[in-house]
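Naming follows writing order (A, B and C), and every chain is counted from residue 1.
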Amino acid sequence: MAEKKIGLHTVKLKNPPSILSTATIVGPKEGQGPLKDYFDIILEDDLFGEKSWEKAESKMLREAVRLAMNKINLTPDKVDYFFAGDLLNQIISSSFAARELGIPFFGLYGACSTLTESMSLAAMMIDGGFADITIAATSSHFSSAERQFRFPLEHGNQRPPTSQWTVTGAGAVILGKEGNGPYVTYITTGRVVDFGITDANNMGAAMAPAAADTILRHLKDTGFNAADYDLIMTGDLAKIGMEIAVDIIKQNGYDISSKFTDAGIEIFDLSTQDVHAGGSGCGCSAAVFAGYLYSQFMSGNLNRIMIVSTGALLSPTSTQQGESIPGIAHAITIERSVGI
Amino acid sequence: MEKRKENEIKNTYQQIVQKKVPQSSILKDAVFAFVVGGLICDVGQFFMNLFLSLGVSKDDVGYYVATVMVFLGAFLTGIGVYDNIGKYAGAGSIVPITGFANSIVSPAMEYKREGYIFGVGSKMFVIAGPILVYGISSSILVGIIYYIIKILAR
Amino acid sequence: MMDYVWAFIVGGSICVVAQILMDKTNLTPARILVYFVTAGVILGALGLYEPLVKIGKAGATVPLPGFGYSLAKGAIKEVEKYGIIGAFTGGVKATAAGIAAAIFFGYIMALLFNPKTKN
């Protein structure tokens, strides 16, 4: 058995990599939400001075990475690997950002689960001894996602109450071998789970079983229970998916409801911001983690959290062909200090 | 056996989800659709009466009304108003011919960034294309059937 | 004045039927429109839409089923006049104004305006 593997599908990092720096850039609507004070840059215009929303999204990702590097005076040549993904076809936001950055690049697609997918790999790369410094970053953009997955922006359609609002945002997380924490300590990689939901306007319900599956395995494998955590955050099941996930986990013997929240619910004020069930998109958990939660670690308010980014692995083609929506979720535990 | 058990789990899950899903408030939606849809038709009626009073024949007035209504739908889409109406009105602004115009103009504008030929030109009918395909094809069928009946009735 | 009342009631009611279908069945707008146009063609061909047009006037012709009604009516009229070829020319002729206007104004609007994001 692999020496760092514990339980069924979990990895315990022997030399937990430390988060050295983070940066976030969000759109105007996110900048009006309850977490507005925790983002580095709030755009006034979601075109970000570019000619198209796709270009704007790529720029957000690129600038988030640059900002995170600037905060610790890091230059791109010191970074060993760059892991990134987004929602657009052929992950152009990420690869076009990587084109400018010049860092060896692994492009990832895990839909909205990409934040923890990229952080998992970035952390394992360091713990495995292959790198000293790695960067994980993701982005999403409401307008570019809307025109790719749904309707043109000026089309007068109505959104059902279960629909989620794609977050305009990018987050970058820099991990290093040496650092003062917080540290990535445990990683559980998700399995693709599909319970036959076909409604693309109800992705929370499609992803909830995957989230529950991964959270349960993470808890079983690590031996932790809800009381050991300050917070367990999924991203982004939104309102309906969150309730379902809590129920499934409860049926399996863990009551996490008092510690549980969801990035899609944290980032917007659901009562005033007209986002229906909550936020979604790679940028959602990235902005909430790299902005809000990281600052809570730095100010000492958090000691141990579990982040579970969840992805709905559908495409417009698969939906039109009547396929159900497979979900995936990757869990990581992050701790302020290690070795106590 | 495995497959059947799997399907059972899926079915149970879908039932659970169905119970959790909040329903659209149909009454509110219907009232908005009724009022907005009715008002748009009244605008059409206004132009119909106007053109009739200007001496346009009863047979031709439909062309005039359609053209004006399509222009209004297109213009409101252009200045970014129609999608906001649609958010509240739903079918009330989708079903009138102004909604047909919106479904053509919105992709035309949206895909301008992909160029005027393959963007505007080819994406224009991405939503409205099926309406023409099914509308025109079924009208041709109607014409053919009518022709056959006419021959048989002779 | 009664014109406006009836146009409002008939047009509004057609929209309500579509709204209920959308809320109850998750049908997308594009599907609803296809069904409504086709329904208009069939009802028009069977002579069942005519009474609605008589009562509702613009209330029946402005919604998409009215588009279907015009298609069917046009096809039948041209078959009467020109025989079988009328089946192919009639529908489009009768609705040419709306279709051509949508293409032309669509192009103009795309030239003039850029899409804006939603709030």
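Criterion: a contact is a pair of C-beta atoms (placed from the backbone, for glycine too) under 8 Å apart; a residue touches a chain by one contact, two chains touch by 3 or more.
Just so you know, these numbers come straight off a predicted model, no measurement behind them.
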item: Centroid comparison with chain A (C-alpha atoms), farthest chain; value: C
item: Chain pair with more C-beta contacts, A-C versus B-C; value: B-C
item: Geometric centre distance via CA averages, chain B-chain A, whole Å; value: 37
item: CA centroid of chain B to CA centroid of chain C, Å; value: 8
item: Separation of mean Cα positions, chain C and chain A [Å, integer]; value: 45
item: Touching two or more other chains - residue numbers and ranges from chain B; value: 23-24, 29, 77-78, 80, 83, 90, 94, 99, 103, 105-106, 109-110, 127
item: Residues of chain A engaged with two or more neighbouring chains; value: 152-155, 157-158, 160
item: Multi-partner residues of chain C (each touching 2 or more other chains); value: 22, 29, 115-116, 118
item: Partner chain B, residues of chain A touching it in the complex; value: 51-52, 147, 151-162, 195-197, 202, 205, 209, 240, 243-244, 247
item: Complex contacts: residues of chain A adjacent to chain C; value: 29, 46, 53, 142-143, 146, 152-155, 157-158, 160, 199, 201, 274
item: Chain B partner contacts - residues on chain C that touch it in the complex; value: 3-4, 7-24, 29-30, 32-34, 36-38, 40-42, 44-45, 56-59, 61-64, 66-68, 70-72, 74-76, 78-79, 83-84, 86-88, 90-92, 95-99, 101-103, 105-110, 112-116, 118
item: Touching residues on chain B, where the partner in the complex is chain A; value: 9-11, 13-14, 16-17, 20-24, 29, 77-78, 80, 82-87, 89-90, 93-94, 99, 102-103, 105-107, 109-111, 113, 127
item: Residues of chain B touching chain C in the complex; value: 23-24, 26, 29-30, 32-42, 44-49, 62-67, 69-71, 74-75, 77-80, 83, 90-92, 94-101, 103-106, 108-110, 112, 120, 124, 127-128, 130-132, 134-136, 138-147, 150
